[in-house]
């Protein structure tokens, strides 16, 4: 079913409509080519995993998809609209949520104030109950008076997720949500992402180095290397791809050679 | 006996005015020591109450005067503040005699406008406008005396932008036009801080005026100007600088390059016997280069107050002390101070026709002094009766 | 209008500005410290040279050396008081800025109290002569300024290029993290850096003593100029600072010639504002990898 | 544990002729739990009760809701936040004032309000004049704090705004003889325009570059006003505007009027600060400090717009203050644009602590006190101000009002460091975790668990592994049996399972997720050819986990 | 399947009991609120060459940084040549790193930790930190050039212009310029073509250790296989396989 989506982002016959896609994304930074002709598409409720060695350009791609950086060329589509020119905050208002590799929190606010600020980030302002809903969803049980800087990694991630989820986004871009977490916390993320994708029909784009996490939740995997997509497909398929081996699991390729 | 307290707000910390105020404090100290050595005033010792004042800041000036009021001083005597009105306002209810060495018409015209409110405010020097008005007069006098032979009738005015300099420049233009002997050939605007005088000097050469007036206020920059000017002078021009070079450091900074320049002050220690004697006295007490202006003004101000107190008999009778001051002029080391006029400002000598505050004869007003630097020393060259020497040719004259 | 006059004036001013700004730029780029006590170092060095001239010798080069040394001493003091205790604390840049401002406040008031308000003069270091080049007259101190500042800047840059300390400083400038990995101690190197930049400030103080006479507050204007130029050039880029010095020198020469000296400050700040609006990280902000401000 | 200890175990299968042909094999000695326990107890480290003490005074709950009814008009916000709770130990109802700041504010403002009544006679002029200055400058600091603290933008144009507004209003007042009450609103208009002007670059530049730009602007204003013919009068400033202070009042009356007017201005500024910083705009801005806007952006905050807003608001307020300044002093001088003024203003903000209203007010109080009241001290007072500033930046995290938080953070850090020195290795909770845990019994449970594991770890040896490999089932040695029992009682989450990849050919080890509906996770790539091997593989994994725990 | 027994097992001829170069006890480290290393122990004898393997982001680099005092915070004891270096609580990264480096550490970091404006030669010079090394840096540079012949032509080129592989060589060469007693090499083959990666590893293997020791972190286990004395796994901030030599990771890795 997943294969049926054509490469240029439009809805395929019979398939679910594509929620979010990008085509021909390329990026130059500091005179260096960081990304080259990236095409991706996700549909509602789908979990698309992105893997690749360090410096492959995954975070850079996310910066473009979320609107924090303009691409050199290429377009980003969301719900059939061209959102390439929109900055992150307006994409967020459209329903695109994005998390960051580093667990950012507002340094000067307490958890309660953070929720309040997020509720009132833009109209319509939400109620306290929406915030509670978001916090419950991610399982954030922290006293309102705790300063956000005191939170540890996992709760920091949860705080941002809760702030995003209370607006009920339709797409989440997660950059290494499991980085720096221990196994039980990874399991919790695993469960949360399943709930979001399968029960709430949120499309999820996830960059992750933990293959075991992706293997269990991702519907589809995209492998990036040196700014290019080198393979795409189910986990097993991409794992079998020799190019992926070469880029990502060098030891395997070594064995193959020798 | 309970001492009589003289309030001296003086500037210790600001970026401007500290040197003048130090001179002023020295002069007052000298007077106080003399008075106390001679038995004080009315049998009571004289005491100084000093407080810091930032002459640029209205808040600080106000505050310093308020501190004097709180100290219940019997009179306030100080050099100047660049924001006179707030400072004056801080004392209008207390109304102790308030004598300052400001040379700003802005303050005295307020006194004239509200005589009741500011009845206690006296300005010990003639105002700055006289610099401008007198300049034309002086040029003519020097021409008559013949040392300086103007090569043409042109005057070149270099003006800085602050109000003080602007007022002077305007007065000078007006006077030159009125008297008609010279003409203003060009006015060049400069702006503190002047990094480099080269373009200005270049313009001077271009105009090539017989008389050049550099209307600025910073001694250090004058010194820099002198050095650069000496490197490529405008031949045969009479170069007049504003009050700035009176500050003691000017000679140190400019060194031999200062020779031949002329500067003026509306009030300073005369070059007559009395003045010279005072200079000696001052030098003994405060060795080093002595300032020519505020050292004497402070001394005169203190003695003036002393006389007033002795005449009235009670320093706390502020209005009577003020009345006495208005009625009784004094001849001090810096000239004859008569503040019995609506401006409560000393009269100016010579009469340059600028306004009604002009004295006809020397012993009726404060002579504006013109000083030339000769052989590394300040020498008063004008007006005649109080001068030490005559104008001599500057090194760049042929 | 006389092109040659403008060019020569530009060179003179650019040399002055360059000497003022490069110390600030180097401090920033290697220590990440925007040194706002530069004005104090400037005055401190001036007084050092003055004391030397008063009590020891008035021989030009010796006075110059005394100024440089006392500037270096001033820099080291700033480093010990205002950099070492805070360089690893959070919000270091703002702290450093405020700390150096505070030191500046204390220091200048101290100098005022100690040395009194009168400006001081240094003996003429380059003698008292002048040359006239097609209409423009150069006094000895101007020619000396240009020659000395070009020379000393060349020496400093050369020293930074080839010696081990210079290598350390440059390394720290490019990548402080990697520098510590190869055993370059931030604290130790910071003393060298502050010493050198202090020495540059001292050099500037002595060279410019004929324009900015030595007075407690005499360092303020040079500091504002130096910081403006360093920022305008793009913090951390020596090349940018040099370009900015030339641009501003040119602007000043041109303004002085064309529309009059009173507009120098106006055009200067207008130029700075325009440069910043066009290039938010200074002239070289993109040429060199700028450090996060 | 050496094998030569002579202790043997008897092979129970020997009589049935199992694979083994020896009856007795050497085994590890049995080590009693008790022994381990005793050894652990011998540890010299002092064990404190776990958990952080709360440093709040607990008020007994009297059952009434008297204080709770008090609300800030017209909001529904309560005056004091006093949540009630049951003491977990004593089960008594108690309540806590979480935020005592309103009380301190009330006391402080009250003190300022009645301060004039208590000024000593010989300092009355000085103190009241300085008091008025303090009122104006604290209002300025508060508005500046909105930009520096709330929006986190390093702007130095504050005094440029005030000065411009003051000069423009002074000019209008002098030229058109405007009444004093018109000046502040006009000033606000001027400020608004100016605010718009400086807000635009703020969205583009950052950090020191913006500071430089605003400093440049400040200089431009200074140069302009000093040189312009209209404003550059001979008085060192522009004076002659009418003030609100009646001429015919007594000195004391005038001073008191000025003091209370400026105090009122400060209250207005406080109100503004409260309304910007404490409400939506302020929260949004504090959520997006310069260079750390990511979080706010992701939640949909348009922080650029918010910054423009705060610039407009605070600049209008500053303009208002500028107008008031004119009508207070009767004019304005150029010194308002001086670098010293900016520097002292910065000192006011920094000393109190950036980002809090009380910091702005108290910082201003300190600076004004030293600068204005102690002016007989001469240069010493600036050195003192500088020294305070220096000490504050060198040693305090966020000004004087950060001391409390800094002290607490330091104390907590020390505590957790002390704890971490006695946290023994292994499954005991991390010290940080322990302090946060509500259910303290979990800690003891883990401690016990850890002791068990410590003991079990001593039992693992190559022999046992060998033994398990030989006989997966059946009777095992004491040690192996203990291990297996421990493994079997582990919760579901940590359990491993074997799945069949290919019948009789390939088996893999997976880890159960412990969550319903969550598929097991493949833990290694190896494929075992027999179930027994896989079983042993599971055993090995568990042993390894045990050793690593 | 047999348990491959490392030479530390009782029963096999053990190494002479030797000086400990590095002794890490109870080390926890992290960045700000993030705790990456949890309560970790590690002992390295002199002459040893150790490999650390583990997935991305599991704290290999952080362990190295912690030893070098470059993490945000760290706790526990780190003894380098018997001297305590972990006690120097890092108050912010890098405060004591230079002292640790002078105490005999050579860290060859993972990323682009280079001085992009310095030429290759200057770059190598910058590694010769100690006075002794600085004095005979010429000889040392020659030695490095023997290990990495391609650098010969590039001595005057700014490092910022080099390709990733060349940068790695320079970076490793820089680390080898001093007589360190402990070399920490972080992912030497990262970002390198397998061939260069191999030659880099070869070069590392060729360094005579003498009294020094070397720890190499690698994701690519195959490169290390059989060439180092021990391989330790790293998982979520803890070492695996170190706990008992009998359970060295290669038991499981090796098919």
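Letters are used for the chains, namely A, B, C, D and E, taken in the order the chains are written, and counting of residues starts over at 1 for each.
As a convention for this text, contacts are C-beta pairs under 8 Å (C-beta built on N, C-alpha and C of every residue); 3 or more make two chains touch, one makes a residue touch a chain.
The chain list, named the UniProt way, goes like this: A = ABC transporter ATP-binding protein; C, D = Branched-chain amino acid ABC transporter permease; E = ATP-binding cassette domain-containing protein.
Small disclaimer: the values here were computed from a predicted structure and weren't measured.
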Quiz item: Could you give the fewest steps needed to travel from chain A to chain C through chains in contact?
Solution: 2
Quiz item: Going by the average position of its CA atoms, which chain sits the greatest distance from chain C?
Solution: A
Quiz item: Quick check: more C-beta contact pairs in C-E or A-D?
Solution: A-D
Practice problem: Determine, using the mean of C-alpha atoms as each chain's centre, which chain is farthest from chain D. | Solution: B
Quiz item: So, what's the distance in Å between the C-alpha centres of chain D and chain A?
Solution: 28
Exercise. Please work out the Cα centroid separation of chain A and chain E, and write it as a whole number of Å.
Key: 33
Quiz prompt | Distance from chain E to chain D - Cα centre to Cα centre, in angstrom | solution = 37
Quiz item: Just how far, in Å, is the C-alpha centre of chain D from the one of chain B?
Solution: 58
Quiz item: On chain B, where are the residues touching two or more other chains?
Solution: 12-13, 15, 161, 191
Practice problem: Mind pulling the residue numbers of chain D that touch at least two other chains? | Solution: 223, 227, 378-379, 382
Practice problem: Find every residue in chain E that makes contact with two or more other chains and list them. | Solution: 35
Quiz item: So in the complex, which bits of chain A are touching chain D?
Solution: 66, 68, 87-90, 92-93, 97-100, 104-109, 113-114, 116-118, 120-122, 145, 152, 160, 163-164, 167, 184, 187, 190-191, 194, 212, 215-216
Exercise. Give every residue of chain D touching chain C within the complex, in rising order.
Key: 154, 201, 204-209, 212-213, 215-217, 219-220, 223-224, 227, 291, 339, 343, 346-347, 350, 378-380, 382-383, 385-387, 389-390, 393-395, 397
Quiz item: Which of the residues in chain E end up touching chain C in this complex?
Solution: 68, 70, 91-95, 97-99, 101-102, 107, 109, 113-118, 122, 125-127, 129-130, 134, 174, 178
Quiz item: Can you list the residues on chain C that touch chain B in the complex?
Solution: 5, 9, 12-13, 16, 109, 112-113, 116-121, 124, 130, 132, 135-139, 141, 210-213, 215, 217-218, 220-221, 252-253, 256-257, 260-265
Quiz prompt | chain D residues touching chain B - in the complex, by the definition given at the top | solution = 122-126, 128-130, 133, 223, 226-227, 229, 232-237, 239-240, 247, 250-251, 254, 329-335, 338, 340-341, 371-373, 375-379, 381-382
